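Labels A, B, C, D, E and F are assigned to the chains in the order they are written; within every chain, residues are numbered from 1.
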Amino acid sequence: MRPSGRAPEQARDIKITRHYTKHAEGSVLIEFGDTKVICTASIDESVPRFLRGQGKGWVTAEYGMLPRSTGSRMSREAARGKQSGRTVEIQRLIGRSLRAAVDLEALGERQISIDCDVIQADGGTRTASITGACVALADALNTLVENGKLKASPLKQMIGAVSVGIYEGHPVLDLDYPEDSAAETDMNVVMTDKGGFIEIQGTAEGESFNQDEFDAMLKLAKKGIEELFELQQAALAE
Amino acid sequence: MRPSGRAPEQARDIKITRHYTKHAEGSVLIEFGDTKVICTASIDESVPRFLRGQGKGWVTAEYGMLPRSTGSRMSREAARGKQSGRTVEIQRLIGRSLRAAVDLEALGERQISIDCDVIQADGGTRTASITGACVALADALNTLVENGKLKASPLKQMIGAVSVGIYEGHPVLDLDYPEDSAAETDMNVVMTDKGGFIEIQGTAEGESFNQDEFDAMLKLAKKGIEELFELQQAALAE
Amino acid sequence: MRPSGRAPEQARDIKITRHYTKHAEGSVLIEFGDTKVICTASIDESVPRFLRGQGKGWVTAEYGMLPRSTGSRMSREAARGKQSGRTVEIQRLIGRSLRAAVDLEALGERQISIDCDVIQADGGTRTASITGACVALADALNTLVENGKLKASPLKQMIGAVSVGIYEGHPVLDLDYPEDSAAETDMNVVMTDKGGFIEIQGTAEGESFNQDEFDAMLKLAKKGIEELFELQQAALAE
Amino acid sequence: MRPSGRAPEQARDIKITRHYTKHAEGSVLIEFGDTKVICTASIDESVPRFLRGQGKGWVTAEYGMLPRSTGSRMSREAARGKQSGRTVEIQRLIGRSLRAAVDLEALGERQISIDCDVIQADGGTRTASITGACVALADALNTLVENGKLKASPLKQMIGAVSVGIYEGHPVLDLDYPEDSAAETDMNVVMTDKGGFIEIQGTAEGESFNQDEFDAMLKLAKKGIEELFELQQAALAE
Amino acid sequence: MRPSGRAPEQARDIKITRHYTKHAEGSVLIEFGDTKVICTASIDESVPRFLRGQGKGWVTAEYGMLPRSTGSRMSREAARGKQSGRTVEIQRLIGRSLRAAVDLEALGERQISIDCDVIQADGGTRTASITGACVALADALNTLVENGKLKASPLKQMIGAVSVGIYEGHPVLDLDYPEDSAAETDMNVVMTDKGGFIEIQGTAEGESFNQDEFDAMLKLAKKGIEELFELQQAALAE
Amino acid sequence: MRPSGRAPEQARDIKITRHYTKHAEGSVLIEFGDTKVICTASIDESVPRFLRGQGKGWVTAEYGMLPRSTGSRMSREAARGKQSGRTVEIQRLIGRSLRAAVDLEALGERQISIDCDVIQADGGTRTASITGACVALADALNTLVENGKLKASPLKQMIGAVSVGIYEGHPVLDLDYPEDSAAETDMNVVMTDKGGFIEIQGTAEGESFNQDEFDAMLKLAKKGIEELFELQQAALAE
């Protein structure tokens, strides 16, 4: 039934490559099938103005797509001079999600900047970004311990995210682009590895969805995110 | 327990004033307690370029706040030359929600522009905007029938929206500003008057939320939105 | 002769509603007939950089129109990323006019930000803005006295403004939109309640005007503004 | 009494140099004493979108100052990415003034773009711009006749402009920078060579002005502009 | 003598990976040592406005760096709303260089958009971009033949580019970042595989350079670019 | 052979007028035939943030063209809100070139801002700008000595620049617009009066150039720049 031949509850092949580029304190290439995102975490020893003098840190995120990461070329946001509404929406979601991973008081007055840049897109770029960026974030926080700046990592919990949806009337896990563009409902779920929810964003495209559909999607999402936490742990253990 | 003394499942006083300004095809002042939003619906007899020649219409939305609608003055977005990320996120939500109200094929090649401008803010401006704008939209669609441009209104269903959250450990309906700024979790729910979901956006602030909390919030939201549909019907019946 | 049936020297019904919104130190809804403007005055306990350390205060103003305050929808300046030339011209006029109302030395190093937002337009929005904003300004200055920040209000004089023009060959007071768009000459006059002029801006549209026409318009303006001062005083006395 | 030693009713030395640069259809260097402005008029054989198909032409104007035309260097508007409010206000005034010089129906569907660029500033740049640009405009309109595009020049009348003000309590003509920055009142007057007014803009700086002061200033302006018309005629006769 | 231990005439290890991402008609990862750039070539079946109706095609280029491709994080150009002067300069150089590779008449009215995105920077990103983008361009032009849109590839010649410089008094080939930031002179040379020069850009940093130094640098550049053409050919032969 | 009738090695008439405008510390009108550029040098007693506290000065440059300095009117960059890529490229070249003229340590923590504004364009505006701006720079540096701010001028050497190219197969010096738009190769050379090179930028337009053509162009450039140094010296000696 699915264009890829996957079972409804089957995610794509997911790969996490740490230390993908050499400059960032955390740098990860995450692949959800053909979706590929470079996620970096950069430490800045100061905080934005609104937080100065409060002894707290901050985590912020930016998101971008290479112009030809997609089937037809998109115009370059830097050249247009403006980030699209979709970009703004996604980077705000990534930032909120990853702030939940960190004890900001323990981080102290420094900021972690997350950059998620999609080099190839095939659906699910925002959930891949969150999942990969959390590994980069964990690595960056560890460098603060290695450099003697902090006694212990201020990482509170790992964060994972996956998309689910109703495709041709059935709930499916981890939509790729052909599914995403045809789905009746699309939902992004962000969770902690302790089982809590950070964000649930379900959106009807065209027709509304009902409680049963919602419950089925949420169940698939929980299962899918559990698998992500195993992959994150395996990557961090290497 | 609530700063306003309201019961957990009690919404604020809600007022819907139609024909609030004279130029727009639909013009509504909606009040959720001290939150006041002017919602207008404007008909444009053409569609954006990406839709031309497809025989379909479109509904789009923009959102703004007067600089001193809030406790301390915000800078004016027109003067800064840029809409904030929050503004972009909200107006995309309003647009998606209201497109679900309309049969876009039946609308034909015309666009309805929704403008939601907050003149006084006290929490819940985005849900008030959606709820009020749907009434303005219904009025605007009716003018198309009155002017002989359409035989019947392309309105498929009414849309209502409310916020719910976990405040001091308890699920509460329709958060005002003091609650919103202190809530552990904040959720916006958009539904149709046929009982379907259009959008569920739950966000943990600080701590994550669990399935029971989510279920309790969603139940409150359903109840609150049902009341909104009655108020919308009463207003449209006048 | 006038589309509204008014006599040449007759202004529209003018209403001033104080405390229109709850957050601003001064908040006024002013109505010149169908023209409705929300005017707020916000106190900021610091001055712009160019004035720091000089012991003087400042009054600045911004102006905007809701996109559908007009007969056909205008694009939203915040979305376009730019204020129009007309907007810039008007807000500079409002700022200059209201600075004349205040003893800036007595105000001390603080800034009053005036926001004039047109929610319904029918001609004369800039003169309505100035007239209403002066009441909001008086209220805001009084809060400085009530809060013990100043011993006495630094208000030097009240400011009022009205438009006059040559319509179908005759001088008329307080043009509404049908008159404004057909007038041969349009003039905005700003005065103090002590009888001085702050600003005279007369503009020929199409044909030039002569000295007699100018004198007749100025006489009408003086009369009209005198009435405004009475309305301002009555509103402030409530 | 005046810093320059001029009599109150004495304008500065005014020079008009036609054909100052070689590409523009009209190109004038105008000097009001040390104020020097290059004014060009460029013909474009199409009109802006809002005028297409109406058989009418248009005159528009832009204004700029070289960054070091002034005593201390101003930032370059092109580099800042934004024209200042003052620039916008001035170029709108120039455009309105020069449209009064031309029979737009007779011009046909073409646009004249006026550019006024200040290369050295010493007060009165906007009135020098209008006065010089009208000569450039006359030249540009004549090329349309010379090229056989029009049978007769659509020039209806010449336009001149001068500033007047109250300086140390006395009305003076054609303020230079030291006077302008100290003047109590500043007024710009734009007239036609048939004696009509196009624009009167009087602004109090600090203290208000009264009717007598206004009348005295206007009288000086009329006298000054008459001299400008002679200089324009002499320049065009060469 | 060189920080990397390379001989003066020794380039870094250079790798060219074709088909690096799946959507673009040409997609190459080029590595000059630790400098890594994704180069894509995208076909657009229309040309910019200034070329329409002339039967000619166009090649244009854009360049960007991921924010953390560098040692310390740079701000994201899309977020700042502006491309830096350096970015503009580089993308213009890439575009000019690659237009020399193509017979634009034979290409017909279509445009090739080159995107060069640096994912890791260690000096020489602009020359790596040109060298890699030419391979992507060759691939994209071949798809036009494969799809039957053209009978033969309009590729006239291959283009390669390398940097040379004076480092600690000696001419060296292919500067890495430590050399680049300390070099007295930096020169970028772009050549065709027929031995012609497309662009020579030599820049003194601090001290000027003399004819002998220039000649030595140019000789190194020729040798280095010859090696690049072999690597391009080997990659295209796979 | 040349449209102007000049010999291949013959530059245009070059004129340097010092003290062209009165406010700037250095102000020069330079004319290369019909190309006319106003070059000013302005002293600012502070440096950009990235240099503060290092005891060094800075030289920066901006470039602009009056909208009708060219054959057909260009849109005004300040109105468009963006400098073109060409403008950015040129002003970066001017800045780099003139920094080579000054001992930045001896200058101390102050910045010289160079403004080059083209009032009439006929090819070679960037090389005229560099050549004229160096005279303005020398004048500005001398005022620092005259005002007692520095004991000696920090001018290290004079800088001159000229364009050369291949026109109809022959190397020619100092291209005017008709030559520039038809040239096969265009090269800009910047040198010091001590004989060193600061910048060599050779660009093939269409066909590539070979070593012999390059050598011939460079020889012409050296000769042409030597003449410029004589003209600069003569102007500074006045």
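Everything below uses one rule, namely that contacts are C-beta pairs under 8 Å (C-beta built on N, C-alpha and C of every residue); 3 or more make two chains touch, one makes a residue touch a chain.
Per UniProt, the chains are A, B, C, D, E, F = Ribonuclease PH.
Model, not experiment: these values are computed from the prediction.
Shared contact partners of chain C (Ribonuclease PH) and chain E (Ribonuclease PH) do not exist in this assembly.
Chain B (Ribonuclease PH) and chain C (Ribonuclease PH) carry the same sequence, and matching their CA atoms takes a turn of 180 degrees, rounded to a multiple of 5. Chain D (Ribonuclease PH) and chain E (Ribonuclease PH) have centres, each the mean of its CA atoms, that are 50 Å apart. Averaged C-alpha coordinates put the centre of chain C (Ribonuclease PH) at 28 Å from the centre of chain D (Ribonuclease PH). Those residues of chain C (Ribonuclease PH) in touch with two or more other chains are numbered 81-82.
Moving round the ring of chains, first from chain A (Ribonuclease PH) across to chain B (Ribonuclease PH), one meets them in the order A, B, C, D, F, E.
Across the complex, chain E (Ribonuclease PH) is touched by residues 85-86, 88-89, 91-92, 96, 100, 187, 191-192, 194-204, 206-211, 214 of chain F (Ribonuclease PH).
By the touch criterion given at the top, residues 21-24, 27, 34, 36, 38, 40, 42, 44, 62, 64, 66-71, 73, 76-79, 81-83, 87, 113, 115, 117, 119-121 of chain B (Ribonuclease PH) touch chain C (Ribonuclease PH) in their complex.
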